[in-house]
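By letter and in written order, the chains are A, B, C and D; residue numbering begins at 1 in each of them.
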Amino acid sequence: MSHVKPVLHLEDIVKTFPGVRALDGVSFSVMPGEVHALMGENGAGKSTLMKVLGGIHQPDGGAIFMGEERVVMSGPLEAKAKGIVFIHQELSLAEELSVAENIYLGELPRKSFGRVDWVTLREKTDAILKKLNVAFNARTRVGDLSIANQQMVEIARALTVDAKAVIFDEPTASLTDAEKVVLFDVIADLQREGVGITYISHRMEEIFKITDRITVLRDGQYQGTLETAETNEEAVTQLMIGRKLDLSRNPSHHELGEIALEVRGLSCGSLYEDVSFHVRSGEVVGFYGLVGAGRTEIAETLFGLRTPSHGTILLEGEDVRLNSPADAIAKGISLVPEDRKGQGLVLGMNCRDNMTLPQVDDLKAGPFVAEGAEISIFDQYRDRLDIRTPGWKQKVGNLSGGNQQKIVIGKWLSMKPSVLIVDEPTRGIDVGSKSEIHKLLRSLAAQGYAVIVISSEMPEVLHVSDRIVAMYSGRVMRTFTSEEVTEDSLIQAISGLGGDKAA
Amino acid sequence: MVTVSRREIGSMLAKQGILIAFALFMIGFTLANAKFLSVDNVFSVVRSSAILGVMALGVTFVVISGNLDLSVGSMMSFSTIVVLDLHDKIGPALAIPAMFAMTLCLGAFIGFLVGYLRLNSLIVTLGMLSAIHGLTLTYSGGQNMDIADKEGTWFSVFGQGAILGVPTPILMFLSLAALLGLVLAKTPFGRKVYAVGGNGTAATFSGIKRARTVFTCYLISAGCVAVAGLIQASRSLGSQNTVGQGLELEVLAAVILGGASLMGGVGTIFKTVIGVLILGFIQNGLLLLGLPFYFQFVVTWIIIILAVWLDIAAKRGKLWSPIA
Amino acid sequence: QSMQIGITQNNVGVDSYQTTYEQAFIAAAEANDDVETVVLDAGGDVARQIAQMEDLIQQEVDAIIIWPTNGEAVIPAVRKASQAGIPVIVTNSNIAEQGFDFVASFSGPDNITQGARSAEIMCDRFKAQGIDGEAQIVQISGQPGYTTAIERAQGFEERLPEVCPDVTLMETQPGDWNREKSQQVMEAFLVKYDDIDGVYAGDDNMGVGALNAAKAAGRAGDITFVGATNFAVGYEAMAAGEYWGSIYQSPVDDAEAALQTAIDVLNGEDVPFLNYFDTPKITQDNMDEFTKPVF
Amino acid sequence: MQPGALSKALKGGAIWGFIVLELIFFSIAGQFLSLSDTAFMDFDNMLLLLKQSAPIGIIAMGMTIVMVNGNIDLSVGATFAIAAIVLLDSMTWPIFAGLGDWVIPVAWLLALLAGTAFGALNGLIVWKTGVDAFIVTLGSMLGYRGIVFLFNGENPTSHLNWTLVDFAEAEFLGLATASWFLLAVTLGIWLLMTRTVHGRNAYAIGDNREAAVNAGIRVGPHMMINFAIIGFLAALSAVVFYSESGSVNPNDGQLYELWVITAVVLGGTKITGGAGSVIGTFGGVIAIQLLRKGLGHIGADTSTVNLVIGLILIAVLFLDRQLNLKGKEALRI
């Protein structure tokens, strides 16, 4: 490695935000043709480091080198001009524009008088889309795509320029397995062309599948760099969180109670049809399926956000109508939604207020909000979920993605619901917290809660569920118990093959 | 550690920036004209700001909930005309509740359109600005409305009375500010207003009844307008159909000066009060300096931009915006 | 075959003078079987008024009455009407001289004379009080840019030094034809000037606003209030002995005169080009000669 | 046709449906209520409508791009008045005395420059300070109006130049000068917004500012250009209008911003930015003008006009919402 020069080298980077030292002398380099993983717990500083590289944040100290040359990234434009492509953790798309315009955002091909060269644009885009093997075309409006497909549009941006370095910040957070395969092909192609790739992810299996080296950050500090081939999950985890992780599968089995929630022949227009299932108290039911399978829509219906066109919902045997989330909450249902920033949090509000929002009417001292009670609720769940924040006064918008997610989970746990629905609960969450959350879900069930877990990660559903509902295209294909389920049968069911019913 | 504490000083400054600006302002004008800070003048400014101020309190709720209210000016004309008309017809004791009821109906209508039907508040209240003006003209037949017996009515107490030497409009403004300030800062409802304005979708996902919250904000706004109309009517015991015309923008300017964000979710009653006072004292100060009225326009322009700019500059820790 | 007469008014919603004018105009036209009218309101916007002129021309009305939003800006539109063979009658406030060629007649008050008369009322009062050698006054003018406001201020400012050369006009600020605005302006004047002997307001609404301010400050007794366009509020304040004088001008007369002028023009009668109707002085002394204004 | 294209067309077309309604209503009501013998939908009357739409319409095109860009401009009414003053006053300046009627293009140019500069100043402030455009232009709406008054006190600024009036009143192929300007501006801004990189970037910025920044689009200059464009168009509107009328009151153009914004929103532009079209705006402008004209045609009095205009605005918004409802199973947020 001594004679090959790194494409990129960051040295001793320091970055502080008010009250937070997000990066504390971090060094990091990427070789040409290398896939270099950047790992660390939520809030460790991964995204911040990459934003410094991408010119979005200016570092308070340290230097960036490209090849031999020391560079200053004054802004995204400059970073891009230097061949650095950034695939963001949070979707960074203009929904009203077409796929083509989004992929070439900021560098639309021009003709005379500043006109857009539509023909070239479309041709180039189609070529890229073909490589990505997606079902939409250059003219599709991005807002009409599913989240996963929008992520594919982001990824397509990596292929537009002759990149020297590409940064993927949790690109797979909302992708399903099929799309991941495509993504990994893209990465392999880039790698062959000698591009240096930085890959941020919390998913160990991916890291071990595609990366060459792993750099670990903890609390903004550099922990070390490992050769992927010479290490293992346990070692990486240890470096990340400073302790070992208990990864035992689906630990406690306990007595199940009555049926807490039952759904019979539920349909909602064309979103999903004739869905039936039940959850007992004390049980965790996993919902697994491909993108667009309709799981989120079912959850939204159960939370009073959609009106079903047919079917019945029974809570503890009683037929109920849920007209609003307030209704659902009153009847003991909680939903941790899929889109944390859009649906889960008021970003400009502080941590405490976000967490107690659904119960603010009940936390009263006279006519006023009982702030002391709020703070103790916050403290309790901060400790329980290990939320990293300078204090309850911090604006949620300033927390790292994973810690934000924990605030949402804490918010709903503190409601002590009888039915808890979690939609992609660990999207963007580090391994340590992830296993905490899994344990939490199991222990909640053990305490008698009925839990529904929607997830696009097979290990996750397998790990936490007592039973698994496999969905395909708005229909329930099959329900597995944890004893009978195998990876193969599950994949078959969610692909519309070999289920009980025809699709 | 040093940087952190310096930042804290910075953010203290940012939080109190509007107060500091206010203080500088008052000192400047006082140096220019000694009468500026005389008790008489201060009372007179605060008293005439009270009407604008009371309306600004309500609009603060609307703005924090993420909406606008451009109808308050013409609604205030409506309340004033109605209460004056009813004063002679059914007596002040009934006229006042009747006027409140009618004004609240208008507020409820807007609240229904914006809250429940989710129509855009800028356009809805713009439409209502015009429609209520039409309504007022129809109601009054376009005539001035004057109380017949101006000397003999106790109705004048709201606009012209005083308790312990403090004019009632000032007392009403400040006590309403205190009350609404508590509601906004300390009650569950206030919390919901911030949540709905900060992220309406997330608020809904948290079980907050967004429509009802927005609706209530418009009711509060209309209630404030009714109080303003009451003070106005009582102050001159007679009125034209256009008393409130144009006030909507002044009110909005005051709320913005106070640091409320038009995106919703940000703002406080206390700062709105400061914003109101700043506007009132600018107008008055420039008049005392004998400058033509249009200087007031130019100065207000500069003050608004400077105040909001410094406010956000302090928050982001940089004077110039990072926009490339 | 009845006459079709179109009118475009300045800004009906702005005060009761204009509303009363509109109502009186409609009533007068309805009372006359030979007349049909199209009544339009420009809402104070020149562009809208010009569009309304065009609409009336396009509808081929027999005569157009215009209450100009801007005495110069409407001239080309007036020319268009006269080129289309439609006689134009200007009402309430005149258009500029350049446009006289295209106008059949002007009907309305003489605002400059009104301003002058207000100056005389004020001056006479000071002489009676014996303070005409030292009196200090302030002026509250109408809506900035409004012809009537400009002309009244001009008439007042020109006449005052002629009759009372030693009276000083300390400051002028606009009150926008608005009682509340005027009250605020007066409050500041009261703080700023310890000695105010008279206030001239561009109309009585503003005059009464100023009076209210002075009453609140306990200084009303020392001040002579003179206005213009005697509104009902002004008349009452005069009766109460708080307000000194004004100019009597009836919107009903104004409207009827305009309609009659148009009818006369259409009937081919000889009408004077400047068809002023008289607007006499009214003060506490002679007010019983006048009925209380209806607006 | 792509799926959904029809429903999309319907939604975008709400304003045109409303225009048709207005035409039908005023034609029928006019039969009973109007004393005019000429029909409302008379061809000449419609041409007149186009001309009368110009002052608001020309500015509305600029507002469309500014709003799509995610900003708003409340100061256009004042900019309109400033440009008018520059136009009319500069024709009387002694230095141009020798120019004869050539002073006209010079005055036009100066007025347009002034408008562009004031627009750009707004843009520059928004860009450099990061203060929201609504606030910046709410401020300059006052500030620029103050400048108007500084110029000539409370008096109107006037200069009637009959050559200019004749040009402005002229008709070419049956269309008045103002109509040509309106059509040309509409076409120009349409091309700008749909065909150029600047236009597409304006959409991107309005849609997702952060994404645009991350993609290296220089948000500031784009915004400033759009503010300069609306300043230019406010001035152009003034130049076209005051060439014909020759005198400006210091209060002229007041409330124009509100009418313009209303037209743009009725035309389907999203108030939060990112979506909207010039064609929709054109419809919005026509709809408003038609409403005013129609109410005059049927003899509605002032209080009714105010009431009806206000309620109709709300009704159109309501209609638009109903057309865009997603069906019962939609997410209720």
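Here is the rule we go by: a residue touches a chain if its C-beta (ideal position, glycine included) is under 8 Å from a C-beta of that chain, and two chains touch if they have at least 3 such contacts.
Molecules present, by chain and UniProt name: A = Ribose transport system ATP-binding protein; B = Monosaccharide ABC transporter membrane protein, CUT2 family; D = Autoinducer 2 import system permease protein LsrD.
Please read these numbers as outputs of a predicted model, since none were measured by experiment.
Top contact pair of chains, counted by C-beta pairs, is B-D. Measuring from the averaged C-alpha position of chain B to that of chain D gives a distance of 29 Å.
Chain A and chain C have CA centres that are 71 Å apart.
Distance between chain B and chain C, defined via averaged C-alpha coordinates, is recorded as 33 Å.
For chain B, residues touching at least two other chains, in rising order: 133, 137, 142, 201, 204-205, 292-293, 324. Looking at chain A, one finds that residues 75-77, 305, 324 touch two or more other chains. Multi-chain contact residues of chain C, defined as those touching 2 or more other chains: 12-13, 19, 22, 144, 174. Under the stated contact rule, the graph of chain-to-chain touches falls outside the line, ring, star and complete shapes. Those chain pairs judged to touch are A-B, A-D, B-C, B-D, C-D.
Across the complex, chain A is touched by residues 3-4, 7, 11, 182, 186-188, 191-192, 194-195, 198-199, 201-209, 265-266, 317, 324 of chain B. Across the complex, chain C is touched by residues 33, 35, 38, 40-41, 44, 48, 133, 137, 141-144, 146, 160, 232, 235-236, 238-243, 245, 283-284, 287-288, 290, 292-293 of chain B.
Considering their complex, residues 70, 113, 117-120, 122-124, 126-135, 137-138, 142, 200-201, 204-205, 210, 249, 252-253, 256, 261-263, 292-298, 300-302, 304-305, 308-309, 312-313, 316, 320-324 of chain B touch chain D. Remark: chain C residues 12-16, 18-20, 22-23, 144, 171, 173-174, 178-180, 183-185, 187-192, 205, 208-209, 212, 216-217, 231-233, 236, 295 touch chain B in the complex. Residue ranges of chain D in contact with chain A, taken from their complex: 195-198, 200-201, 203-204, 207-208, 210-218, 274-275, 327-333.
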